[in-house]
Every structure is written in structure tokens, then in C-alpha cells.
């Protein structure tokens, strides 16, 4: 199994989620993160002076999937998360040794 | 203004029905309301305004300081501060009041002050003493130890607020000179602004200043507080007429106009300089406009107020940049450039726009624009000098008793946890 | 109401002590207070109410719009809007005031308006002009460019608010017809509601509407604002009596009853339809009740207010669903269904419950329920028609000068950052 | 106080101009304002105070309860509760009022109550009925079902608030005995405190109590609410003079002093016990001081208020620890130790500091410290006993109709989602 | 070493933490996440209309542990996190190449 | 490639970020977490009573880097995150199978 971890732009989340659902992925875990990268931050005003804020709100999506699906999951995220502008984010793939479903105790592919 | 000028104003404006020695229930009703409005400016107004501007880990420390100041200044006021500010000081009356009204001795339910019960005059003036002391919090925010803050506030209220208040409103030397300060440009805003600046310099900047941005943790809180300040200021300036009459109404109107013009002035500056106006800019300009119109609010007309407010927005905008950027002083929440500079500007512009030709109430007998400007400058400089000196000495003395600042570690951890064992927000 | 009806009311209710041409300090005290209360409704009341309802990334934009409107409408008011609304328009007096009071010419500390200083009448009415313009913000929230908003507000205040206010309260044709609008069902709520609807249609819906849920980012802010609106409304309706008398007291009581009944009416609808009542529902019903009782608040008794409030809760509940669901118009914060529909309903029900037989103050001479209803309908339709037309034209004109909407990208990024370079919340 | 004592006070304090049967516009102005201030205490004051103290998942439930109580108590008041509290009860007049003013029959725009319109007396008193019922929410917060809360509030308002109010202010047996309760130590704070305690015991503790810490989710909200309570209390106690005179002014001053002293007293206790004072401690002490000064606020002088406030801070501090720690009762937001104990303490200390020798207004004819203390104790015990009994019965009856508590699952999920399908905060 | 990453119901956290402590685990890192899965979201009311919210607040627990303990850690979480209702969550096991303690510079098992 | 995941004290973040930039790392993802460990929590006051809060705010930094850089990244974090007091945190190293850049579709080292 693989753990696919993607850092995307927050407003693409709905699109990414729908694309993954279409693939038959019916579970994922999402969190708010801050990204530093090539994408520049923005300036903010504070009482007549500007300063630079260099972290950017991003969304992290984690999807555990079977080895077979992994490639298609990555592709789906790459497609649906893409705007073509700097800061679109990354997809990382990690090997997942084991997965369990707490409710039933199932493990392996059937736990996903 | 206040008591000192009351007689003059009464002669001019008060309708024939009320004389200075019987209770006027309408004036009383308005003073009761105004007292509520001015307390509202501090609690929760200023507390939220400041609380939103600091970091998330220090929000409670600021709220705590404002509430604690309300508590201790009330104690001081009842015990001796009211007496020092408003009672007769005998031989020293030019400089400070006496002890005749200590513990509010002799004040009964029937005592009058002008046309209203003395008790409401006491309460109304007390709310001014509270907010003045609370304004200073912005200068040393996010780094002062709580116990040092308490000690400082006690000494400052007695040694700075009480005498300056007496000079201007208690029958002291500035009142005698014909100094115009309707609702506290010198007594409130200038003293607080200078004290904050001195405190910021004595304590030193917050760790990370000026490289590290220190954005407000919750601008909605700040804006909520700003709205409350605006509304409450109607009682601050309108109530300073000490009557529910045309003078109060005009004070309210020019206060409102001054606030709006200050906001628009600052907004214009930001729009020109940065291409975008910010809400913090607008509310800061609004407070600057309010602080600036304050000393003038009983003397000028609406068009004068418009100009005074616009000037406040522009001048305080530059003052803020100079203090923070050029002089690199960490007056954390910009108390001096907004209140100190604003209050001073208002004291001076008051001498101009009080002119009947410019829509104002006219000069006192024997006074002209030049001479009034002179008097205003003297009052302004004397207030600033005494405040600076006394604040500095008080801080040094307090520093001998207990450290003024928290440790760097505690500063990083935040004052909420380290000074009060609380966090602003949980689950 | 206001000035136009003042004389009638004075005859009925004011105690013998005050006559229309001497200052009454008690009336003045209440108007000073009422002015503070009505400003409080906008700042911070409405600002927080709206601010909580939008997304986290747009909270400041809404606060900014409310504060900026307060600033610019104050400028306009002093310069010419007050004059257009309340001065004599000469030959055009049926339609609009003149320029006689431009720059508040001739207004001194001694000028009277009824029994109170003219300055407080000016300030009191100004707070109405502010909140009306600020209410519209809810229609175009989360997508309008700031500069377009500023331009729109200027033109709208001059071309819609000033004339309609003159028609009803400034001695214009609706006043002459005997149109009843005590505190602004037509002047305030109907104009704002219709303008918001037109703006929502001209600008188009927010990106994602209606599929994407757009939940309020902070209901506690909204509820805080709602409480302030309720309290401030006592000054809005109670102050519109322009005196501290039985009429003001009755207006306050029916206002309170109307608010409660609106809240309970909406709550009942939600409980029946969804099995659960929501706090947003309750406060929305409360605002609907307040908007609906507003035109009637000087004319009806408490039982009339109870029925009017309940009707408001139910009717505005359905109106909201129809606008959002059936007509799929993105009047973002439901200004039309709550204020427009509520104000209209109040104007009509006022004609019923003013009847002395139903506990009201009774019809004017020669008026009956039918004829009063006719007058109300005429006023309602004329106000709605003129507002719709003028708002549409203004938006088209502004759109020629500067784009009305931000880009989709900026909309997604949020107005706070893209229009004001600020974020609501930080660490 | 209120109506019952009005005549005495009028004789002592009111200037000769007003007599009990003509309208005094200044008194009216102050009562209009006070009514706004007392409503402000509940909405949004108390709502925010309580809302900040609960968990994030229950914030809306508390806001909802406060708003809903405002709505339903208004209905009850108009229909029958005002009549039961303030009209003549005929043969039962010692115990409860009658039905003569049901549906506010006979109340017109000209009806007077003392020197003010009866309508404003109705509205003013209604805001007391609202806040009393809303205070109880703190006892059962975070676990009561909404529908049970509604039912409970209806019955409690009719069976506890109305009669106790009649006993003390409506001409009932306690008024006859010379019981002193100026603004509601018994009628408001003791009844609410006892009811909260009984409700907490009948419903049982929140899941996890007392092991699991349940920190306030937003102390800034709580502190904002605290400031509003302080300001609004000026109307609560000051307005209870029912006139804009020296009595109102003194009441306002001692209220302010009591609040400050309560805050400082609690702060001192925390500083001594834990080495650090907390902002929640300060505002809790402030509320304790306010609740305690309330019954005494028309009778004592400023020094008496200082002592009463300090006593409140210390006693309520210990009371809170005893209820939560020793008796392990989950009166969630500490209504009983703060309001119940504070109100009781104030009722007793009032009997001491009313003494002219201690700066108070002096005893009524034939009354001395001992006899007054006796009367106060009787009133206190009777109020507490009736409240406890009736509250218990009401809860049992409501429990038969609908479960009082939500399921454990819903409690964990939070009342906001499960009772109202809303969340406090979103993106 | 293993990195055990569990997605659980927020109110089970205290219980999970206590169970892990009993196992001798004295460190873990917790964060708030949003989950999508089989468990349905809830409806919310907005001015007289209902809409569906389909993400659900969950808690992520990350525990680094020795290979030996890994299995017992997983079991402990499965036991203490379980309510038996849908949405109880997942436990994922990843291989952990190396661990360091910042304060001391220790690495490997002794860093945990 | 490696995924370096560090749990550090929040106020060291700026320092850590600068040190990593000096190394040539120009991307990272940061999130707020709560830590349990040897470091004691703090007491809080609530109306005249104290209670213990045992989670501590920490910052999680995730950096994907090439195998070669991994060791230096770890060292840099250890240096710049260190205060020498308990609670300084941990650095975990996981094997990263694959990385993609959403914007360009690049993968492997060049995606970082």
C-alpha cells in the first residue's frame, strides 16, 4: 500500500476530492498547513507600513491506497490540483507498511 | 473644560431655567448616560481595541491590564485622587488639589457640582482617569510584568494624572491662563501618549522588533473596540459640556465629524502611498481624529472639525511612521503618534478654529488667535515635560522594586500563560 | 415621522412645559443618547453582524465597508446631503430639499429643531443615513471592489437616500399625503433592501453560488452584532419621537415586542420545518421583526407589535427562501427579504394597527384603514420603484468608471488580502 | 425598590418640580436609557460572557438560550407576567399580583407610573425579568436539551420570578416588612443563583466533570461580555432610582465602586493563593461585586460600597471553590456562588451599611441594624426556599414531558450541532 | 523503528493517550484534521435552508516507536479508539528510517 | 529521496527556516501540532482553581529532499532548533518513494 501525501492550493480541494471519489477512493484526511516555496508570499499593511508575509496557506491531503491505485491517485491529484501557476504544490508518495480499520480491526487493502 | 469653564459656558448656553445651584434632572440624565458611555470606551472598548492588536499569546494580558486599571484607579480616586484633582489645594492650588475630599468626605446624595449631583461628576471624571491610565498600556504591551504595571499605574495616576487634571480642570494655573482643553487633549491624550513613549523607551522594544512582523491576532476584535470607542466618545466630549444643551449637542456633532475626517484622512494617505486602504488604517485614523477633536470639541464648529479631523489623519499617519521607522521606538500600539501627537495637534488647532470667523465659539475676552496659540503651546509643553519627567522617574523607581519586563523566555511563551496562567482561546 | 409629524405629536403628547421653540433639555438628553445608540447599531453592531456572516477571508472587507460608509456619508451629510434631505427645496420641495443648509450654513450652537438643538437633529438623522447605506453592503458582500463600493455609496446617498428621506420626513409629497413611516420602514429598510437586491443582480452571484455552502465564519460575532442592533434600535425608534415622553416610551416598548415576536416567529418556522431552531434563525427573525415594526413604532400598541413581529418572522422566513432558492439571486446576506420585505410589511400593517380599535394611536382626520392602506401602498411602490431605477443606473455608471467586481482569483483569495492587504486573524 | 419605595425616595430626593402624577421628561429620558442598558447586559453582554466560558462546540447553544429567553419572557410579560408581578392581586396581594394588567390592558401612551410613562416602567422591568431567567443558563450549560430549557423558562418565569418580584417590588409581604432590595439582590440574583444550583443538581454534572478540565473556549468573548455587564449595570442600579436625580447618581457611583472592589478582592485572593491573578478571576470578582452591591445600591455610600465589594470578591471566591471542589456540584458557570451568594451577602450587608453612621441613607423609621438584619434574613430565606422548591418541582414536571438532558453522544458532539445544526466557527 | 499514524475520533484522544502511556510510550504528536470517509457528515441550517457538510473533525496521532513495540501500539490504539461506530478511523504504519532527539543529539531507539 | 519531519518549538521556526534556506532548501511545509512528551505541560487557573494542561504547542516541519542532502538537513534542524531544554523535539526521517511537482508534472529530485 501507499500513502499519497499532497500539498495543494486550498481552493482546489473540492475538485481534488471529487476526482478522487470518481476513482473509487472513499476516504482521505485533510489538514491546514502553511507552505514555503518558490511562490512568493504577500505584503500586508500595518498602520502605514508594509511588511512581507512569506508563508502561504496550503491544504494537505493524505490518501492511503493500494499499490495498484497509487499511480492513478497521483495522476488524479496532479490533474485536478493544477492551475499552472507557481505554488500549485507537490505530491509525495510513501510506502505504507500496514493499514487497519479501527472499527472492525480489518487490516491491509480491505481496511482502506 | 469641566468645572473650571462651566460658569462661562453656563452663561452662554444654558437656558434660563437652570441655575448653577439647583439640580437639573435633564443634565443629570445626560451625565449618567455619559458616564456609562465613557466607561464603555475602556471596558470593553479600548480593551478589545488593544486586545485584537497584540499577538494571540498576549491578548489576555492586555484585557487584564485594562480591567485591573479600572479597579485600582477607582480605589485611588475614592481615596485621594479625586481630591487631588478637584478639591481646593490651598496654597498649592495652582499645582494640585488638597485632601479635603479624600475618601469623598462630605459628599452626600444631595451634594451638587454645577447643576448635577456631585456623585455623578465624581463618577464621570473617574472614567476619564481610568481611560487615561489604560491608554498607556499600548506603549508597553506584550512585555511588561503585571506587578510592575500595577505599581506604575498607581504612582502615575497620583503623580501625573491628578496634578495635570488639576492644572486644567481643577482650577490650577492652566485654567487661570485661559488654556482651552474641552475634554482632555492635554489631560488625557497628551499625558497618555507621552507616558507610553517614555515607557516604550525605558522598557526597550519587544524581542524581534523591528525585523519581525507582529501582526494583530484578531482585527475583528480591534474593529469592534474601535466602534465602541467612537460611540463612547459621544459621552466623553458631549458629556464634558456637563449639561444636556446646545453645547453638548454641538460637541457631539463635531466629535462625530472629527472621527470621520480622521478616518478618511488616514485612508487617503494609505490609498495614495500603498494603493490600498486598510481597515486598521481607517480605525487608527478615526481614533486620531477623535483624540485631536477632543480638546477642541466644545469650541469649534462642524467645518472646523472637518479640517481638524483631516489634519489628524494625515499628521498622525506620518507620526506613526516616524516613531516606528525612523526613530525605531517600539511604542507597541502607537499610543504616542496617535494620542500624543493627535492631542497636541488638537490643542493647537483649537486656538485657530475657536475663532468665530471660522465657525467657532469665539475667543475669551482679551484673547486672540496669537495669544491663544501661545497659551496652548505653554500648556502643551508643560504637560508633556512634566509627564515625561515624572513617568521616567516612576519607572525607574518601580524598576528598583520589581523588574519591569518579563524574561525573554516568558515573552516568547506569552504573557497570558506566564503572568496569568490562562490562554485566550481553547477548544 | 420626524420633523414632519412633530407638530402633530407635540400637540398630542408633549407635556405643557415645552413648546416648539424653546430648548427642552430632557428631550435633548434623550436625543443625544439616541444618536449614540443609532451609531452603535452600525459601528460596531451591523459591522459585526455582517462580518460574522461572511467567510473568514472577507471579514475585514465588510468591517471596512461599514466604517468607510460612516466616514463618507458624514462628509456628504455636512456638505450637502442634510440640506437635500431636510432643507426647503423651493419649487422642487415636493421632491427634494434645496442647498440652503449646505455646509450646515446657518447652524449655530443655539439653532433649534423642535425642542432640541438643530445640531443633535443633524447628528441623529446622519446616523440614519449611515446605517441605510451600510445595510446595502449585505447585498454585494464578498465580491465588490472597494473603490466601486465607495463611488456607489456616494452617489446612492445623494440620489436615493436624500430625496426619499425628503419625501417622507423633509416635507415632501409623501409627508403631504399622510404617509406613515415613523422611523424608516420606507426611508431606511425598503430603500436598502431594494438597493441590495438590485446590486446583487447587477454584480451577479458569488463564485460557487448556489452549489457551494458559504457558512458564516463566526456566528458569535454575528450574534454579538445582533444584540447591539436590538439595543441600538431603542434609540432608532424611541429617538424618532424626538422627545423623552410617552411616545418615545411606547415606541421603545413596541420595538422590543416586535423584535421578540420576529425572533419567535422565525424560530417557530424553523422548528416546524427542520425540527430544530437555529441561533442564526432567531437573530434573523429578530432583525426582521425590528425592521417591520420600525415604520409602525410610533403608531401601534404592544399587542399590535406582537402580531406585526410574528408576521415579520414568518413572512421574511419565506421571502428568504424564495429569493435564494426559487429566484436564485445571491443577495448574499439577505438584505432584501429581511429589510425590504420587512419594511414593506411594516408599512402596510401600520395602516391596520394604527387603528385605535386595535390599540393604536388612531388615524389622522379624514383617514381610515382603507385610505391609509392606499397611501401606504403608494409610498411603498414609489420608494421601491425610484430606488430600483436609481440604484441600477448608478451601478451602471460606476461600472463604466471602474469594474464593479474583483477578479475571480481575488474573490477566491479573499477581499481582505486583495483589497486591503490584511488578514482578519493571525497568530 | 422600584415602585414600592418610590414614594419614600421621591419625598427625600426628587426636586420640587416633579410630583408623582405628572410626567417628568428627564426621569423618562434616564429610564429610556436605563432600559437600553439593562437589555444590553443580556444581549449581547451576558450571552457573550457565558458564550466565551463554554466549550467551542457549545458556544451557540448558550447564545441561543439567552436570545430565546429574551423572546419568550417578552411574550409572557406582555401576556400575564407583568400583571402577576406588578398589578394588584386583591386578596392574594401579599403573595402575587392579579390579572388586571394582563395583555397590558389599560396601558396607553399617557399612562404614568410615578413620573414616567408606564410603558417605560413595563419595558424597564421586563429587562430585569429577562436577565434573571438568562442568568440561570449558566447552571445547566452544555447539557440541557433546548426544548426542555424553553419549557423550564416559561414555568420558572411565571412561578418564581413573578411572585418573588411581587413580594419585593409589587407591594407584597416583603415590601410591607421593610425589606431592602434596591435593584434585585433577592429578586434577580438570589433567585437565579438558587435556580441554577438546583438545576445543576437535578440534571447532574457534565460528562467528565470534575476530572476533565473544561477551559473557556474564548476568554476575549467573556471579557467583552464582562465589560458590557459593568456598563449596563449602571442602568440596572442607577435606573432603579426611577428618576434622574441624586439617588440615581449615588447608585451609579456605588455600583462602580462595588464592581471595582469585587474585582480587586478576587484578584487579591488569587494572587495570594496561586501567585498569579487571572483575568477570568478579575471579571468574576467584578460580577460578584456587582451582584452584591445591587440590593444595597440605593442605600449605601461609596465607602460602604468599597467594603461590600471587597467582601464580595473574597466570599464568592471561597464559595466557588466550595461548590465546585468540596460539594462537587457542576453549576457549570458558577451562578450560585457568584450571584446567589453575592446577592445574599449584599442583602445582609445592606442592613449594616444603610446606617447613616456608616455613610448610608439611614434606616426607615422604627428600624435599626438588628431589626433590619432580621427582615433581610427573612426575605433572603423565604426567597431562597421558594425558589429552590419551585425550581425543583418545575424541573421534575418538565422532565416528565421531555428529557432534560441531551444524550451523552450529543453532549460530546456538542449542543450547537445536535440542538441547532450550526457550528460557531467555520472557514 | 516505526511511525504509527492514527486517525481517530477527537473525544477518544484522552483514552488513547492513557492507554499508550500504560504501554510505556512517553511521547506523541497530535493534530487536528478533517476526515472524509464512509461516515456521513451532518446537515447545517442557514437561514431557513439546510445544506450538507461532509468533512468531519478528526484527530491525528503520530507515535514513533521501536519495531518491537509497534504491534502493541497499534493494538492499543485500536482498542482505545474504538466505539464500534462508523468513522472510528484508521491506523497506518510507516517505516521510520531514523529518529533524533534535538536536545541531546541522540538517535535511534534512544531518541524516542 | 527522504522526507524529513521535525517537531520543534514554535519560536525556533524562523531560525530553522533560515538555516534550511542557507542549505539551498527552498521548500517546506509547516503545521501546528500539539506535543506530549517528557516536557511537562503547564497549570492554568480557572476561577480560583488550578488544573493541569499537558499538551504543548509545537510546530511540525516537513521537508522533502534528496538522499544526499538529507543528513545535512537533519543536522541543520538539530542545530537551529536546539535550545538545550527539555521539549526541543524530534527529527524523523522517512524514505520518500516519489515526489511530483503539480504545476509542471516533474518528478524525482527535480520536483523538490
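Chains here go by letter, A, B, C, D, E and F, matching the order in which they are written, and residues are numbered from 1 within each.
The criterion applied here is as follows: contacts are C-beta pairs under 8 Å (C-beta built on N, C-alpha and C of every residue); 3 or more make two chains touch, one makes a residue touch a chain.
Just so we're clear, the structure is a prediction, and the values are computed from it rather than from any experiment.
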| item | value |
| --- | --- |
| Steps in the shortest chain-to-chain touch route ending at chain F and beginning at chain B | 1 |
| Any chain that touches chain E and chain A | C, F |
| Chain pair with more C-beta contacts, C-E versus D-E | C-E |
| Chain pair among C-E, A-B or D-E whose interface repeats that of B-F, sharing over half of the contact pairs by residue number | D-E |
| Cα-centroid distance, chain A relative to chain C, in whole angstrom | 46 |
| Between chain F and chain A, distance of the C-alpha-averaged centres to the nearest whole Å | 18 |
| Whole-Å gap separating chain A and chain D, where each centre is the average of the chain's CA atoms | 52 |
| Residue numbers of chain F (touch at least two other chains) | 31, 44-45, 50, 94-95 |
| Per-residue overlap in chain B, given as positions that touch at least 2 other chains | 24-26, 29-30, 33, 215-216, 218, 224, 274, 276, 278, 280, 420-423 |
| Chain pairs in mutual contact under the definition given at the outset | A-B, A-C, A-E, A-F, B-C, B-D, B-F, C-D, C-E, D-E, D-F, E-F |
| Complex interface listing, chain E residues touching chain D | 11, 14, 42-45, 50 |
| Contact set on chain C toward chain B in their complex | 22-26, 28-33, 35-36, 39-40, 42-45, 47-48, 51, 59-60, 63-64, 67-68, 70-72, 74-75, 78, 103-104, 107-111, 116-117, 119-120, 122-123, 126, 146, 218, 221, 224, 419-427 |
| Complex contacts: residues of chain C adjacent to chain D | 13, 15, 17-18, 24-27, 29-30, 33, 37, 55-56, 215-220, 223-228, 230-232, 234-235, 238, 243-250, 252-253, 256-257, 260-261, 263-264, 267, 274, 276-280, 282-283, 286, 301-303, 306, 361 |
| In the complex, chain C residues that touch chain E | 213, 215-216, 266, 269-270, 273-274, 276, 278, 280-281, 284, 317, 320-321, 324-325, 334 |
| Chain E partner contacts - residues on chain A that touch it in the complex | 3, 17, 26-31, 64, 94-103, 105, 111-112 |
